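Each chain gets a letter, A, B, C, D, E and F, in the order it is written, and its residues are counted from 1.
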Amino acid sequence: MILRYDRIAMELPPPSDPDPDGVRAVQELMGGRFGEMSTFLNYTFQSFNFRGRQGARPFYDLVANIAAEEFGHVELVAAAINTMLTGASPTAKGRTKVDVTKSPLAKVKGLGNPQHFIAGGQGALPQDSNGRPWNGDYVFSSGDLVEDLTHNFFLETGARNNKLKVYEMVEHPAARALTGYLLVRGGVHQIAYARAIEHLTGADLRKMFPTPRIPTDKIPECKPHIERGDHLRLYRFSIEDYQELPAVFNGPNPETGEDLVVFEEAPEGFPPRDLPPQPAVFAPDYAPEEISEIAEKLRQQAGLPKEPTGMVADLEKAAKRSTRKSPSRAKSSAKR
Amino acid sequence: MILRYDRIAMELPPPSDPDPDGVRAVQELMGGRFGEMSTFLNYTFQSFNFRGRQGARPFYDLVANIAAEEFGHVELVAAAINTMLTGASPTAKGRTKVDVTKSPLAKVKGLGNPQHFIAGGQGALPQDSNGRPWNGDYVFSSGDLVEDLTHNFFLETGARNNKLKVYEMVEHPAARALTGYLLVRGGVHQIAYARAIEHLTGADLRKMFPTPRIPTDKIPECKPHIERGDHLRLYRFSIEDYQELPAVFNGPNPETGEDLVVFEEAPEGFPPRDLPPQPAVFAPDYAPEEISEIAEKLRQQAGLPKEPTGMVADLEKAAKRSTRKSPSRAKSSAKR
Amino acid sequence: MILRYDRIAMELPPPSDPDPDGVRAVQELMGGRFGEMSTFLNYTFQSFNFRGRQGARPFYDLVANIAAEEFGHVELVAAAINTMLTGASPTAKGRTKVDVTKSPLAKVKGLGNPQHFIAGGQGALPQDSNGRPWNGDYVFSSGDLVEDLTHNFFLETGARNNKLKVYEMVEHPAARALTGYLLVRGGVHQIAYARAIEHLTGADLRKMFPTPRIPTDKIPECKPHIERGDHLRLYRFSIEDYQELPAVFNGPNPETGEDLVVFEEAPEGFPPRDLPPQPAVFAPDYAPEEISEIAEKLRQQAGLPKEPTGMVADLEKAAKRSTRKSPSRAKSSAKR
Amino acid sequence: MILRYDRIAMELPPPSDPDPDGVRAVQELMGGRFGEMSTFLNYTFQSFNFRGRQGARPFYDLVANIAAEEFGHVELVAAAINTMLTGASPTAKGRTKVDVTKSPLAKVKGLGNPQHFIAGGQGALPQDSNGRPWNGDYVFSSGDLVEDLTHNFFLETGARNNKLKVYEMVEHPAARALTGYLLVRGGVHQIAYARAIEHLTGADLRKMFPTPRIPTDKIPECKPHIERGDHLRLYRFSIEDYQELPAVFNGPNPETGEDLVVFEEAPEGFPPRDLPPQPAVFAPDYAPEEISEIAEKLRQQAGLPKEPTGMVADLEKAAKRSTRKSPSRAKSSAKR
Amino acid sequence: MILRYDRIAMELPPPSDPDPDGVRAVQELMGGRFGEMSTFLNYTFQSFNFRGRQGARPFYDLVANIAAEEFGHVELVAAAINTMLTGASPTAKGRTKVDVTKSPLAKVKGLGNPQHFIAGGQGALPQDSNGRPWNGDYVFSSGDLVEDLTHNFFLETGARNNKLKVYEMVEHPAARALTGYLLVRGGVHQIAYARAIEHLTGADLRKMFPTPRIPTDKIPECKPHIERGDHLRLYRFSIEDYQELPAVFNGPNPETGEDLVVFEEAPEGFPPRDLPPQPAVFAPDYAPEEISEIAEKLRQQAGLPKEPTGMVADLEKAAKRSTRKSPSRAKSSAKR
Amino acid sequence: MILRYDRIAMELPPPSDPDPDGVRAVQELMGGRFGEMSTFLNYTFQSFNFRGRQGARPFYDLVANIAAEEFGHVELVAAAINTMLTGASPTAKGRTKVDVTKSPLAKVKGLGNPQHFIAGGQGALPQDSNGRPWNGDYVFSSGDLVEDLTHNFFLETGARNNKLKVYEMVEHPAARALTGYLLVRGGVHQIAYARAIEHLTGADLRKMFPTPRIPTDKIPECKPHIERGDHLRLYRFSIEDYQELPAVFNGPNPETGEDLVVFEEAPEGFPPRDLPPQPAVFAPDYAPEEISEIAEKLRQQAGLPKEPTGMVADLEKAAKRSTRKSPSRAKSSAKR
């Protein structure tokens, strides 16, 4: 089971010029064979299907725990896509209604994936860069531990390839911030699976790194994460479980020689931006302010605070009305 | 982001007679259009794509929170499938090797989904009852709040239909326990979405219940959950977030008239069974005890306890070696 | 546009022993690449896309008109499937409720396509014999008239192959009656497309018949249709349109030498059977008699006759309550 | 079974500037999950699979009859697509041959769906806006009447969403005329299914309307249809059957309060345009005039009029050669 | 380009009891994600897309050459499937016609993949064990040499897993002979790709072998191939090209320590069996002897020998009528 | 089994301006329903599944032999795609590294199929022009000889249609050279299958030609192949087998009246170009010259020549380092 917390893994830049063609490319990192849905659901199914897990506990913990981090990567790709699509149709301005007869989507005709606008509400789709849906054939869960790990090492390799390509293709700041981050974290997972194979078989994979040969240290969007040490850390995404990560995730980073380290706590994360309504696509409605009024009334009837209790990043002042201080969660997290 | 905890939502019966044909049916609840992957990923994508979420906070919280519970349902279906497949090939007995030349899978030829044995290691697949992979076309995330809720109400309706059919078809105790539980919890989600629509539009959907007309109160496998009150409760699957659930999830259960209630904590859950290796399918290996030896050595090198730290249900004595008392987690959970 | 009339193309035998495995095979004739959905939708799309149709009117009329007949073939395959699945779960007996806890679907576990019971209500699915959905890739509509006709000739050839195989495999009377009929009618369409090619190009395809080499004259289930002359007739499925069929559909039947003939009226058809509810799969409900009571009340409120006005074949006496004599429609049809 | 008549549901504007990118979007209304193939085939399968239909006659009649109208909507979408693609390659001018070596398709390279030109002859494909084929997974036919109706209400909701989005994106007159019409008719079907649910369960869905919140009364392309009363009417698409529609389709339109009404006759429709050949894509041939000559000869041999008997709208004078007056059909239709 | 020679890679046993359920499993080795179509087409596409191949010649030669061998593996799987399906319907006996009205396929209803009989003529399908078609998503061709090799190593690993599972499940002699052979040859390819990675990166993968841990030396159906040395050999499947294989394929077999060796010639192979007609499925016809008569006449008109010139194994005496001695080809092969 | 030789069927022009949108169209000829993968794999499966092949030898030889030629067509389409994508990202210049932070793929954002850059390394994908993967549903292998041949005739017809459309759409010299060649060779295969049908059934298909009505004699890119006589020749792609081609492939070309002729040897072909690395997409590496150095070292260790032994066309001088004279192969080929 999971507990969810409403933070995202990194701060993404705010919406700027919308980029439907760029989003089409970023979707490969969502629903492509090597996208984050694939990493998330591969490791999740492998952990669900893990037989004799008590005997192989350090390996089970590794797979199950990385699966948990990958959920946050799917979330992050979705946030980047939503950011990049914001403004592609007119953003809501108070109570001024969009005029649907003025072709408010005409300027995106012929750009990107049309389903972002027709089927969706300028949001992420579980599809790849060709508009094809993610599907379960992308999951490999053979039950054979060494094979599953071999697959996972290969999967992370392919995923890093795809991330760099998107980085090279899409100049939108959200896309570059996203891929910079994912390259660093994906690199850690790739190392983790290599280490697991080495521990189990005795083979030595260190000289395969980096594969593909991506110079992450020269990529500006990777640097802050490397400087923070995120290229060395495996976070434990659980309050009490997955304690045996250090049994597998140890030794030197094969690229830099620095020591790998298990972080006993999940990252605190950042409040997500509350991206503005796009009423031309009914997201979340043709008249979003009416929903707000209903929500406020319901909140009051339930004895909840008048202002929304959720925490969001400060996109527009009016949107951020957290009832609590941001640091409080960090502390509470630290206490656990 | 998520924190994962290694518990499952209910206690499933231990492996008994394997039932490959029954598993084939249960897979519909995993990867079918109305299976748990669908409910999980529909609500997850809707929450990721939620625009103006601060203004619509109670509704955002509802969708995001139910998504979190659905992860546990996917996990539970996987556990049932693994349980039902255990023993379909010879279960590992100490160091006695299975003889692959003796056709250890011959007795399942022609039964169920052959990929359970050939592609997988007698584990769950992200497929439906016809062996077709779950795919992203099953996700509806229009961004329009009322539409998304209408979809979700319909999705839960269809899901309950499929659950009952599997209940009627498969007599294996794990399948019946699973479907009894899911019928009750799915019913709560169906009510929750109906309530959300009612709050937003003013329509009155109460008389549609139950739909489909399933007499859950007469189903023995539903009863313990109803007696516990699980047909009335929405659990909050977060430590700090999703606090506005009570603004939407309130009023009477349309079937029984009892009051709906938000539970401010996620259920503690139950340690999952550590299902035994099936070496004929290399799960987790042809010689699983060698993995255990490696694991033990690695644990020691990392300064971890000699015994595995993970908690599992007592399938065979040797398999349960938790270093901690089970209640400890409950307390820690309560403290949060 | 279409007018629909509630008759089916031939009298199918009543439900007898249910045959889920046989139904699985019959589904190939529904949703397989060469099934009736394919013939129906291929010709329908070709007619929709027909450019310069006025100049090529006899050919347009041929394709558009055969498309209309194919709708009735899809309907007939569905009727056969429903017939063959009737009784696979307990048939409703008045107000006696089925007990869902008694595993009313247990006896079909492992048989046929599980989605007939789990996703559907013992009814036809738009799938093939492997449970894969029909899809638009099966439609060929190039716009090139000779190519489209070449395709259609090939499609009917493959369709006849598949029909015979199902005839050889499934002994259920409904399956044999169905395939006997479709073999004869499909043969006429195959000839029609061959004639069209011959008229357009001057090639002589007569010696290709029969292809595949099916001895329809020796198949008892084909005989009544041959005796009636249905192997020579093209019916005009329109009140006023498609009058130029005789310009293409003429000359001898290449197998028998008899003259082909255009029938200026659609066949009258037969009232379909009203197949009984199967409450274990909620078709049409867990308590179907309550729907009847509501229906009766609504009919009265609308000033309609107390008894249902629709005409159905006499399955159980109580089910047939036509307010009109069956011959009346025949007359009205004749008048047109 | 069906009778087909060669009229389309509304007059579409003539071909103007071709719009391949716009067509790509319109394809979502053809082969998307919420396109017209989906509405048509969902209701068609539900009607085929309807058990105990005599007892539930008003509801059976409703589903079966709306299915029949939807065929005409598929046809209309196809006509719009063909209109919008006309002229994308050179239109035939008498006997002047297109020169294939002059790259007559070069100007559409990189635009829209390439299969419109390569696989098709500038015609409609059974695909969505991403070029993926419609498939049978989009059909829901559970057999449970309330569930099927719930689905249909949801399906029409999603379909209206998609129609508006296409309206907002594509400025081509044919696309706007198409979507204006479909929004009105889809709205009626949505209401019809809501009424059916209300009658069966007692729930009150009126306040859900309009959903999505589309201001159809402000859309110029909707207005003529609203003024004609088409937002209130359900046409009976049968000569003798489906007489119990008034038992379900009654009461006020939930948006306007006006009375819903059943029209006892199908709409007469309009002669479709005979869209001109596009010889660069061989539609219907490289030398279409040769087909005309053959057709004329065949017509004469069959004793048919020298001129084509079919009725088409007056695109170019030469193309319209109906042997009958247009009103005659209306009368004949009235007589039925 | 390729030259084809009509030999198969090993002698398969003759048809015995047909085994439709076993064939369904064997299809995974044909059209599954890890089947032979996947290995063949992965390496083929990688070789087609190989940039800078002159600079990386030893690696190009390796991939291109293994691709060529894989064609023969696809062929062998097809031969085994055809063998196992022979006799499932009545085998042709001279001019005695099968009686299609006697349900000659009834005994296979409910067994295996129904499309083997309905769509196919008791032959191999490009599908997996669930009847789903092989598709291009199974091809990985990133262009990055190390990544492609990493993939190929993983692919061979997964393929060996699947082969063993089929071996364990299907007792039919043709299936066991097939899998015994493929396990040995697949093992060589797995080693080859590991060696390539080692040469390129310096990593040491030897200790990963065997993976999965299959005791091929204990499998009777592997033994003859191991004894012949086929577990050490890479054959050069070209007359003049791919001469740089020894630059990569060298060193010890990581399992046995014996030296790897490049064989400068393709294996001679064995004449395939001429499997007998199955007229109930029209393979190759309802009356196959009439085809023979036509063939004989055509041969004579073309001045060819009266007897067929092709070489086939001696299934029935009458079937083998080679005009040449078998050794002749071996010699000619040696001369090349 | 096959022997592969590293030549392609015709000389393609060198890379010029890259054309991602054009490549997207060309992919239809690779992975579309009527692409070369389809022709190759249809005939390959039909030959594998051919029952009673000895009795039908001339027909078996025809199908098996054309299959072999089709492999070369798949290869040629891949070569054209690679050619057309060369230069879309910066081409490697010695040891100058591409700077991944400078968005080297930005200029192809929004063009063509994004997976050519993200998933692939600017190489061919097994997909169609909409980015959908080729799949096994495109294979027809019924076992019925006349039906299979009818299919093949239709398949070649559709394939020629698609080839011409691509010719009309894409002006890139490689695309035009490719399609000019394929139109001529596909025409021969179409005739071959027509002849086979005529011989088997007695029907006369000559008047159907050309279909579609493509004036190949007026297409400059077809002319050199017609002048060489390639529109009349069937090459025997085997050293010893398929000797009975002349029994079927004979008589006049139905378009020109010239005699058809069997060429007893496969075409010698042309050395393929060694397309330059594209390091921004890691093809074959970020630093391709390092691979060359490794390769050279390995070659030396194996006692092979210092220079690469493979033969490639002279793209850049440095790339062609064949150790042998080109004519030598021709001679050796002639000797066979």
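In this section, a residue touches a chain if its C-beta (ideal position, glycine included) is under 8 Å from a C-beta of that chain, and two chains touch if they have at least 3 such contacts.
Only a predicted model underlies this, so the values are computations on that prediction, with no experimental measurement involved.
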| item | value |
| --- | --- |
| Set of chains whose contacts include both subunit F and subunit A | D, E |
| Duplicate of the C-F contact set - from A-E, E-F or A-F, the pair where over half of the pairs recur | A-E |
| Of C-D and B-D, pair with higher C-beta contact tally | C-D |
| Intercentroid distance (Cα basis), subunit E paired with subunit B, Å | 41 |
| Separation of mean Cα positions, subunit B and subunit A [Å, integer] | 23 |
| Intercentroid distance (Cα basis), subunit C paired with subunit A, Å | 49 |
| Numbers and ranges of subunit C residues touching at least 2 other chains | 33, 119, 127, 130-132, 137, 142, 144, 146-147, 161, 212, 281-282, 285 |
| Arrangement of touching chains [line / ring / star / complete / other] | other |
| Pairs of chains, among all present, that meet the touch criterion | A-B, A-D, A-E, A-F, B-C, B-D, B-E, C-D, C-E, C-F, D-F, E-F |
| Partner subunit F, residues of subunit E touching it in the complex | 1-9, 31, 37, 41, 44-45, 48-61, 64-65, 67-69, 71-72, 74-75, 78-79, 82, 92, 119-127, 133-137, 139, 141-147, 199-200, 237-244, 246-248, 250, 266-267, 269, 274-278, 281-285, 288-289, 291-292, 294-295, 298-299, 301-304, 308-310, 312, 319-321, 329, 332, 336 |
| Footprint of subunit B on subunit C - complex, ascending | 89, 100-101, 103-106, 108-110, 113-115, 117-119, 127, 130-132, 280-282, 285-287 |
| Footprint of subunit D on subunit F - complex, ascending | 21-22, 24-25, 28, 32-34, 111-112, 128-132, 161-162, 164-171, 212-215, 218-220 |
| Residues of subunit B touching subunit D in the complex | 33, 137, 140, 142, 144, 146-147, 150-151, 153-154, 157-158, 161, 197, 201-208, 211-212 |
